[in-house]
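Shown next, in structure tokens, is the structure this report addresses.
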Amino acid sequence: MISDLERAQVLSEALPYLRRYHGRTMVIKYGGAAMVDEPLKRAVMQDVVLLHLVGIRPVLVHGGGPEISETMKKLGKEPTFVNGLRVTDAETIEIVEMVLAGKTNKGIVSLIEQYGGKAVGLSGKDGSLFVARRMKSGDTDLGFVGEVVAVNTAVLRPLAEHGFIPVIASVAVGEEGETLNINADHVAGQLAAALRAEKLILLTDVPGLLEDVARPETLLSEVDAQQARELLASGRVERGMIPKVEACLTALQGGVPRAHILDGRRPHVLLSELFTDRGAGTMLYP
Amino acid sequence: MISDLERAQVLSEALPYLRRYHGRTMVIKYGGAAMVDEPLKRAVMQDVVLLHLVGIRPVLVHGGGPEISETMKKLGKEPTFVNGLRVTDAETIEIVEMVLAGKTNKGIVSLIEQYGGKAVGLSGKDGSLFVARRMKSGDTDLGFVGEVVAVNTAVLRPLAEHGFIPVIASVAVGEEGETLNINADHVAGQLAAALRAEKLILLTDVPGLLEDVARPETLLSEVDAQQARELLASGRVERGMIPKVEACLTALQGGVPRAHILDGRRPHVLLSELFTDRGAGTMLYP
Amino acid sequence: MISDLERAQVLSEALPYLRRYHGRTMVIKYGGAAMVDEPLKRAVMQDVVLLHLVGIRPVLVHGGGPEISETMKKLGKEPTFVNGLRVTDAETIEIVEMVLAGKTNKGIVSLIEQYGGKAVGLSGKDGSLFVARRMKSGDTDLGFVGEVVAVNTAVLRPLAEHGFIPVIASVAVGEEGETLNINADHVAGQLAAALRAEKLILLTDVPGLLEDVARPETLLSEVDAQQARELLASGRVERGMIPKVEACLTALQGGVPRAHILDGRRPHVLLSELFTDRGAGTMLYP
Amino acid sequence: MISDLERAQVLSEALPYLRRYHGRTMVIKYGGAAMVDEPLKRAVMQDVVLLHLVGIRPVLVHGGGPEISETMKKLGKEPTFVNGLRVTDAETIEIVEMVLAGKTNKGIVSLIEQYGGKAVGLSGKDGSLFVARRMKSGDTDLGFVGEVVAVNTAVLRPLAEHGFIPVIASVAVGEEGETLNINADHVAGQLAAALRAEKLILLTDVPGLLEDVARPETLLSEVDAQQARELLASGRVERGMIPKVEACLTALQGGVPRAHILDGRRPHVLLSELFTDRGAGTMLYP
Amino acid sequence: MISDLERAQVLSEALPYLRRYHGRTMVIKYGGAAMVDEPLKRAVMQDVVLLHLVGIRPVLVHGGGPEISETMKKLGKEPTFVNGLRVTDAETIEIVEMVLAGKTNKGIVSLIEQYGGKAVGLSGKDGSLFVARRMKSGDTDLGFVGEVVAVNTAVLRPLAEHGFIPVIASVAVGEEGETLNINADHVAGQLAAALRAEKLILLTDVPGLLEDVARPETLLSEVDAQQARELLASGRVERGMIPKVEACLTALQGGVPRAHILDGRRPHVLLSELFTDRGAGTMLYP
Amino acid sequence: MISDLERAQVLSEALPYLRRYHGRTMVIKYGGAAMVDEPLKRAVMQDVVLLHLVGIRPVLVHGGGPEISETMKKLGKEPTFVNGLRVTDAETIEIVEMVLAGKTNKGIVSLIEQYGGKAVGLSGKDGSLFVARRMKSGDTDLGFVGEVVAVNTAVLRPLAEHGFIPVIASVAVGEEGETLNINADHVAGQLAAALRAEKLILLTDVPGLLEDVARPETLLSEVDAQQARELLASGRVERGMIPKVEACLTALQGGVPRAHILDGRRPHVLLSELFTDRGAGTMLYP
């Protein structure tokens, strides 16, 4: 049982962190278990509202992998992947957009509003926030899959200035107005760079970047950009972690001072990372 | 063939209308054929961008009936209606929201952006724009169906001031954060009142309000609120038109000077109504 | 007879032009027949109000040749010209200023206000908008005739921001506070450059720049700056057109992307030029 | 010879007046000898610039009687008056406007600019500042003579906020856009009321309001509104003074705390009145 | 030892309080032990900086009893009190002002700046923040002692808007410009009312308001205004607590919803009160 | 006796100076006789209020030498000086701060408010306005004496924009939050440079800079920076004048166009210098 005095003490120890992060933008890629497990989900949204109230400007980016596949199956379509990328035909992209922008996104908005925050759900098509061009994977035509070539943040400023937390679904608009499926990690990194954010934070289902993927005790708590690039080149990074490390590197290169890969399975991991001494997961720096 | 001189003449004759509507807000309920037929759809969105450029502030509200039923069927659910209201169980409301906020809404946004406008797609959950409570139809529990009890326009102002056209899907947030299905006509009327709009414009698939539904030549081109109420009471208004007439009355009562029921099947009917002498469809006034 | 549908069509086709010119400043030199013929005059002012309402920022500059000579004659003074420049003694400059700033200028203001615009009439002396130094024509002392050496646009910004259309009489203030007669075409070109306008538009009494002045069918619809300079050097430009071409070149050199010489005798020629595909008169580009 | 110490002393004694008048608007009707005599004219304009620099917001209103008649005669028209009001036919109103707005007005602007102020010359037609309706004098049709029925100060605010001194010629716009001749004293009183000015100041050619018009030593240095009304009713006020007293009463009724009739023949009478203990001329108070 | 998880949990539980107090002004009367004991002092200032960072607007008011008496003694003057009020002759008020505004005040400012806040020290004379008139205690002339009759908050707004925390020494300006000694508790109550603060918080050296002053266990944790007035009337309130209860009543009457008497000897009592469930000391409500 | 006409004349002659100094910042170091002699003190404060009212932005900096020594003696401490610098132990710096920030400063604020100005008293600790590091004099440890290494003017802007005159006591904050005694002349020079002031004005007890200190008739009315540096190097500048000349040089080097050493014993010397032709004392220019 924590006493009142201890509680006050804990709050008081947040002072240097509050000072450091005041008025700064943080791009948070929301995904993994924290997006599926109801109590974790609620804890993340509470934390986001808290960050906003103490003067930080959180911007949420989310994908929605499992929900998409689930809806596809219900509609009788079998999800197919090539090199980890979803093959996205016309029907599929429609489902992707419906699920991401119509279900996952609005669900997050709703939770934030319930905890007293003001949220606005957007997709990358609103205000042409994410403009992408189609990409291939080698010779395979992946269909409506794209990589972001321009980030137009104009729609975010008026919302932020009026106290709204932007929640952004990771779809983009193509050159002919078509919807394109994009990687949520990558675009979070690009957005952090475009906003000159203070931090990019990626919520995942692993403790962080591991020296040896088989042994959790080999967690790398700090890695510089050079090391991260070498790790990628070495092939020792697990497939699921590759886009996350790439996103961090994109952010660092774009002038973001710190990028974090955090274990979203730990409750209130955002608060632990931002307001206590020990931090959590892996921090990447330039 | 229209000559250059005639063209200039036509433009020039728009002057008094431009003057009258400058800086005014118009809530446009978008629905019916204009939402299904591709060329009509494009024409409406062009017109909306044009209205915005000439100094009018359009706000779009849309439902999405046919697309919802279609997706439900694909997912193996049979749409059921009681007194014209969709019975909406938990699975159905999820589909409704996905389709409206994730597909229809973002499609409209995309078209407006293609024609050079800047659009932001919202649902009634963003910024708690539409707060609703559950409603029953007599003794029948309709499930996740609601009627709007509060309209919070705070999220619209910063967007409008920065030149974004709001496109709003007709779902609302309930008192416990749940999504509720609402009538798009009704909420357009309430929104027009909340924004003290200059006009409420409902795009439909009929020529307007008819004295005798069987005879199109009995179009009522102008009706005052009293007459409209009497028509409703008389039971002579076609079922589909009832919510539209009700929405117009809500708007008029809320201080909106004019409400219009227009035939969305006529190309550029918005421009005809707003910028030429003859008008179109039925105009309701207080 | 143009149908409603055709009318809506014509309006709709203005969209790309509205988009292109939105928020842009256009300096319009008003003169010639359009200034004398009552219906033409009214049509121009209607068009100016319309441009303003659709989001363009028109700035009018005018001279007033015929009215000045007429008033001089009434006062018993015989107008004298040297190389097309009015010899301007102390009495004459007083008449020039009275007529331009007191009669022509306020007449234009009045018309714009009648058509629902808000206008403010200025001369180059207000806020020291046009500062000039005296000029000679060869050895001849022309008296109170000057060429503009500084354009102070400070007075225009607050008016424009509050929705007023500036109407400017082409007189300037000299270095000792005296009034100086200046060329309205030239100063329109300088003002367009100072305001970084989108266009300079000169209303004249000819169809445009002609290859062969005797043959209207030799109209040059587009001319680049280099060609325009060569035409001037060739001596083939009619005397009255020389200052107009010079003004266009000044504007182009000052960063204005397009300058136009239009036939002010055609009703609504401003709208034809700006909002239809075919344009009108001669367009000069860098 | 005044010593430096005495000079500093004099300046220092202005402190309480500077404090009282800071940020306040003063409407100054400029007329009479101060408008004809060159040194007096320059002294008034210097004072106006000084008032502006020390934080007062001067607004000048002027007529131009002698210059109008002079120009009329040059043009071969004989001025006619009925009950002190100029009979104003179509030709005459054109001359009135030319002289007031084109000559007198721009001359004042020019002087203020020379002394380092920033001035903008307006007539009552600019921004529909003065809207008048035609008036008759008994049964006599005076032609284009009007009385002001609306004062639209919208054009003055942006100019004042950007540091421009408005100089306003006393002509108005009629209901059909025509120019109307108005009384400069009257409109100065109405403008002072519309602007909720701190003072209305009328510069005249007499020492002030006299108990006995034949004896200057009967100057009334202070008169309340009731006394002023009685004086008017008594018929003892000189004809030329009647509109001035009426203007003062209009201002007082409109909430202006003080109105002054000053002797414009005394150099720097504005500074004497505003910044020294003894004041000058006649002060009217509610 | 508190774990990271527990820490995050504690922070997370502050959410509802952060939400409630966001953007609200809190007037904090700083005094007693918290002003003398170095670690307590530092803890209070840390908390004030933290409040500011999380979006609350703290305004500090302080007296400085012990330091004044100490300095007086050093200067060979013996402090005298009548009914608990300091008899304040000309020499004494000089010492009071020097100590409060020159020593205590700037010491607090310095601490806040050290903890990363931005502070500006003021006295009630700056911007005539506190205007007082002299008061007597029965027949005794207390000298330069006053009660505040006007609170001019104009100086606080620009400082608050630019992120400065105001720190205010409790001296006032008298009607002739003289300095007056005022009661810090009283003026804190008046300031809270003038600012329409969310809370008035008085830091004292007792646990709160006690039913029986001899028994700390009779702490009244909540008291309404009526009860507080009865307690005062009953004579059961300890002398030192009287002005505190009066200040709370002044604040409540002025529209402040809550006033608190807290034990400043408990470290971080501000945080305990504001951000935990149990609160601390006595809360007064209307 | 000065006549009204002469008074108006004197005021009128201030015009060119008002124009030149409008909106400009002037840093005034207030000290010497003008700080001790009651009528002189009042005259200076009147002048400061007047400067503010006519559109100049005065910023006052003051020390308080005699009052500090006097209070030290009352407290039984003997002032000690090394090379003209006060040896400042812990007790002394406390007295210095109390006297400067608590007595002298608030006394000046009070006078300005009495004359109708709005003043805010600050010390160099407020908003960390003056940050200093400790300095030695040769080998002697002077204790809490510092030289300013950073000037943070952020706290001054919001005050100035809301019409408050800043009055600043010359103490600074050291690197560990301690108070440091600084030279008021020096810091006035640094502040003038940091604010890019139009003038630095030092009020002293001598007529100005003298060629031969024994002979007042050798007053140097204008000196350029080079000459001033040579004078300093020559050793012919009186000790008390050295920091003043240094402060002037600091200001000039920092871009301040003019620095003045004025005789504060002359009443209204500020007005004489600023608003009359002859000026006063010594002017230094780059």
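Going in written order, the chains are labelled A, B, C, D, E and F, and every chain counts its residues from 1.
What we mean here is this: contacts are C-beta pairs under 8 Å (C-beta built on N, C-alpha and C of every residue); 3 or more make two chains touch, one makes a residue touch a chain.
Given the structure is predicted, the values throughout are model-derived calculations rather than measurements.
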{"item": "Which listed pair, C-D, A-E or A-B, duplicates the contacts of D-F in over half of its pairs", "value": "A-E"}
{"item": "Inter-chain centre distance, chain E versus chain F - centres from mean C-alpha coordinates, in Å", "value": "35"}
{"item": "Between chain D and chain E, centroid-to-centroid distance (C-alpha), Å", "value": "56"}
{"item": "For chain B paired with chain C, centre-to-centre distance based on mean C-alpha positions, whole Å", "value": "45"}
{"item": "Distance from chain F to chain B - Cα centre to Cα centre, in angstrom", "value": "69"}
{"item": "Touching two or more other chains - residues of chain B", "value": "none"}
{"item": "Chain contact graph, described as a line, ring, star, complete graph or other shape", "value": "ring"}
{"item": "Cyclic chain order when read starting with chain E and heading to chain F", "value": "E, F, D, C, B, A"}
{"item": "Chain E residues within the chain A interface of the complex", "value": "2, 4-16, 18-19, 22, 43, 46-47, 49-50, 53-55, 115-116, 266-269, 271-272, 275-276, 278, 280"}
{"item": "Sites on chain F touched by chain E in the complex", "value": "71, 74-76, 94, 97-103, 105-106, 109-111, 113-114, 118-123, 125-128, 154-155, 157-159, 161-162, 164, 171, 173, 177, 179"}
